[in-house]
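Next come two complexes built around subunit A: one with subunit B, the other with subunit C.
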Partner chain A sequence: MAKTIQAPLPGTFYRASAPGEPVFKSEGDAVAVGDTIGLIEVMKSFTPVVAEEAGTLVAFHVENEDAVMAGQPLYDLDA
Partner chain B sequence: MAERSFEVVKPGLATTVQDLGRPGYYHLGLPLSGAMDRFALIAANRLVGNADGAAGLEAVFLGPELRFSADALVAITGAELPPKLDGVEQPLWTAFAVKAGQVLSFAFLKGGARAYIAIAGGIDVPEVLGSRSTYALGALGGFEGRALKAGDVVPLGAPTGPGREGTSLPKEGRRPVQESGVEIRVVPGLYWHRITEGAQAGFFEDTWKVAPEADRIGYRFRGGKKLDFVPRQQPFGAGSDPSNIVDSCYPYGSIQVPGGTEPIVLHRDAVSGGGYFMIGTVISADMDLIGQLQPHQPVRFQSVTLEEALAARAVEKARLARLAELI
Partner chain C sequence: MGVTSIFIANRGEIAVRVIRAARELGLRTVQAVSAADGDMLAARLADAVAPVGPAHATKSYLNKEAVVRAALEAGCDAVHPGYGFLSENAEFADMVEKAGLVFIGPKPETIRQMGDKARARQEAQAAGVPTVPGTEGVVADLDTARVEAARIGYPVMIKASAGGGGRGIRVARDEAELSTLFPQASGEARAAFGDGGLYLERFIGRARHIEVQVLGDGERAVHLFERECSLQRRRQKVWEEAPAACLTNEQRLALCASAVRLAERVAYRGAGTLEYLFDDVTGEFFFIEMNTRIQVEHPVTEMVTGVDLVRAMIKIAMGEKLALRQEDIVLRGHAVEARICAEDPTADFRPSPGTVAGLALPGGFGVRFDTLLYAGYTVPPFYDSLLGKLIAHDDSRAAAIVRLDRALGELRVEGLPTTAPLHRALAADPAVLAGAVHTRWLEEWLAAAPLAAPASPVPATTA
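Up next, the complex of A and B:
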């Protein structure tokens, strides 16, 4: 049963630590508690989006560099 | 642990102690600081029976998690950042009782940007130059001159006011959070003549979006057309870019446009002077509103006269006066 994980705060979503770097997670990857899924940039700081549940990342709802609102669906997790 | 205090379990993104600010030192380079949404802080303070200028917390985008050492009366106003007490959701714009040992946390932000947390008795950090506000850039005031961190134990004052559990500000007394169609009123200002007529018109016609780096120092906007400057030979003392001027004072609310590309509205923690031209000044009545704008939110600037600005200020004063009737 897939679960949708929401953005904890608004900003710009990044899937990698820097341009040209590999993405933190791809669709189909295993996710452990504490894994970084992406970064949200707001007020000149980057807040990691950290997994609070383990499972398999089924799908992203947002693209790299998309503007996100707090509470917006970020990714689906199959626990 | 102080007798009356709370412990920071999670700090949120940038949670700071703020009161109504530290006016009077701008000429020394010390900004006003204080709540970006002053109306919301005043309302929160009144809900818990505090004086308007008692120190509370300003939480931006992401709420903190706080464990209270003593019973307390708390009210949250401003952004729609739903508070939870030991996981149970509590109403906004309403005083609620917290028992010693309980944890105050927040759900995801639903609207606006900054929530204000008032606690009966206020936050009892030392006053610096007449204010408990945090000026983080200058490491001054607030809790050790910085945003809260996990593990901080923040002292609370003794409640002396008439605050009562369940006191609520009715909807008509609140300033609604605007999601769309936000207009920020501007009096075109001192260096207005530096840009072309086309650029003057374009500034007010274009839709601008809040840049993610917007903060307490300045709110940056992007997405509108680059401003064209009237050609001139740069005066002695001014930088070479056409957006440069001979150094000048920057008023609170002034809009600078470095390079003519991205307007920045200076807010509570702004620098007090520098060498960028200013297109005008946001009217005082709309400064609180700016503090509630989210990243990427579209806004337009609207040109008003000084008379219209003063009329808008009177409307805001009346909103504040109504608080006394409604709470």
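Up next, the complex of A and C:
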């Protein structure tokens, strides 16, 4: 049963800590509570997106460096 | 050069500022807009808008090809880069000129020259402008370091030549400390960077940030006196003033004359700012770098000199010679600027984009508010947090601060927290009122007494 996790705040979504670095999570990866899924940049300040539920990351709804709004679907998790 | 139409390759409050100056010169304006900026104030005020790409700045406002293409397609003949983004990108300035457009700023070669810290330092020295005393290269050994440090003057910073971002820096207050720290630093630098090379530079513990505004036409340059921007947080200026009240008139004239010498030496064209560190204790000033563009805090200079800097830079770019003579530029009174940002000063300056539910703007004699705000506007999360600059001008520094505080009291931004409460606290602080500050003062002050959350909830504040 897939569950859609939403962006906690608006900004720019990043899948890695810096350009050229490996992504935090890929599709198909296991996710544990507390894992970092990505970063959201708000006005040049970075906030990690931290998993509150465990499962398998099924799919991302947004690409690296995409603009996201608060509440916008970020990724699907199979619990 | 026949300039009739300006492309504004920037956003926010500076885009509004440029549109206003261009319109007063009878020029058409075309505003660059990212996908997130279609309803910003500058887009509403411009004669036309031109999309330059997605919200993310690297794909829009920093995308050189997209910006030049949009300017050409919009039928513009000049580009104003504002500040930040591509304003100090020599390659962009080159591309603009090669596309047959006028770049409203210095020659690309000047941007390159002054953007390179080592070259800028050499030019400054050649123009007889003091730079931070230091060794010209790596110091071979401790004996040489002792001789050099005595010449430079204690305290000295020991810096790893392979270091950066503050890593590998030590401060020696005297020769005894140097003798202990120099070998340590060398060993550490070898371990950390694989290169034990060290150089020395004078350490200025309690420096003020002072900068001189210049205008040049490629041959002649004038100064428009100085600003003091010592109140900073995380190297970002928070509050700026003109003139710098800490200077004696002799110091002021020497400082400003040095800036003109350097600007003329590099045949500077347009508006530029030379940044200096000022040591209160010794009265010495040292050039650190030049910003080859208009600056955020330019309005305080405009208020005390009566010169419209953005208009002047456009006219110079149109090929006009500098109309001002140095003796025409006179200091009148004092101006203070508070940067109003979408940040919550009671919550560690957390960025706070959102929708402006209600807005009351300050006004009255001697008050100016350069802003991107309007009621109903949604401040996007993608760019920096500057919402506007509240500027107060009066006969004296004390009166200007009173006027700033009065204007801050009139400002109401509903729907998102701003840094206005920080500025009210600063305007009431005895050290600020006495002008007894330095570049680390604000961070120390914030650490000692963080601003409390307001006693009553701010109306209409929503997440």
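By definition in this document, the second predicted complex is superposed on the first by the 79 of 79 C-alpha atoms of A that agree within 3 Å, B and C clash if a C-alpha of one lies under 4 Å from a C-alpha of the other, contacts with A are read in each partner's own complex, and residues count from 1 in each chain.
As a convention for this text, contacts are C-beta pairs under 8 Å (C-beta built on N, C-alpha and C of every residue); 3 or more make two chains touch, one makes a residue touch a chain.
Quantities reported herein were computed from a predicted structural model and do not represent experimental measurements.
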Exercise. Determine, under the contact definition given at the top, whether A:43 touches first (subunit B), second (subunit C), both, or neither.
Key: both
Quiz prompt | Which superposed partner A:65 touches (first subunit B, second subunit C, both, neither) | solution = second
Self-check item: First (subunit B), second (subunit C), both or neither touched by A:10
Solution: both
Quiz item: In the superposed arrangement, does A:56 touch subunit B (first), subunit C (second), both or neither?
Solution: neither
Practice problem: Using the superposition described at the top, determine whether subunit B or subunit C touches more residues of subunit A. | Solution: B
Quiz prompt | Contacts on subunit A seen with subunit B and repeated with subunit C across the two complexes | solution = 9-12, 41-45, 67
Quiz item: Which of the residues in subunit A end up touching subunit C in this complex?
Solution: 9-12, 41-45, 65-67
Exercise. Would you tell me which residues of subunit C are touching subunit A in their complex?
Key: 35-36, 54-56, 58-59, 342-343, 350-351, 353, 380-385
Quiz item: In their complex, what parts of subunit A are in touch with subunit B?
Solution: 6-12, 41-45, 47, 67, 69-71
Quiz item: Which residues, counting only subunit B, touch subunit A once they are in their complex?
Solution: 13-14, 60-62, 108-110, 212-215, 294-296
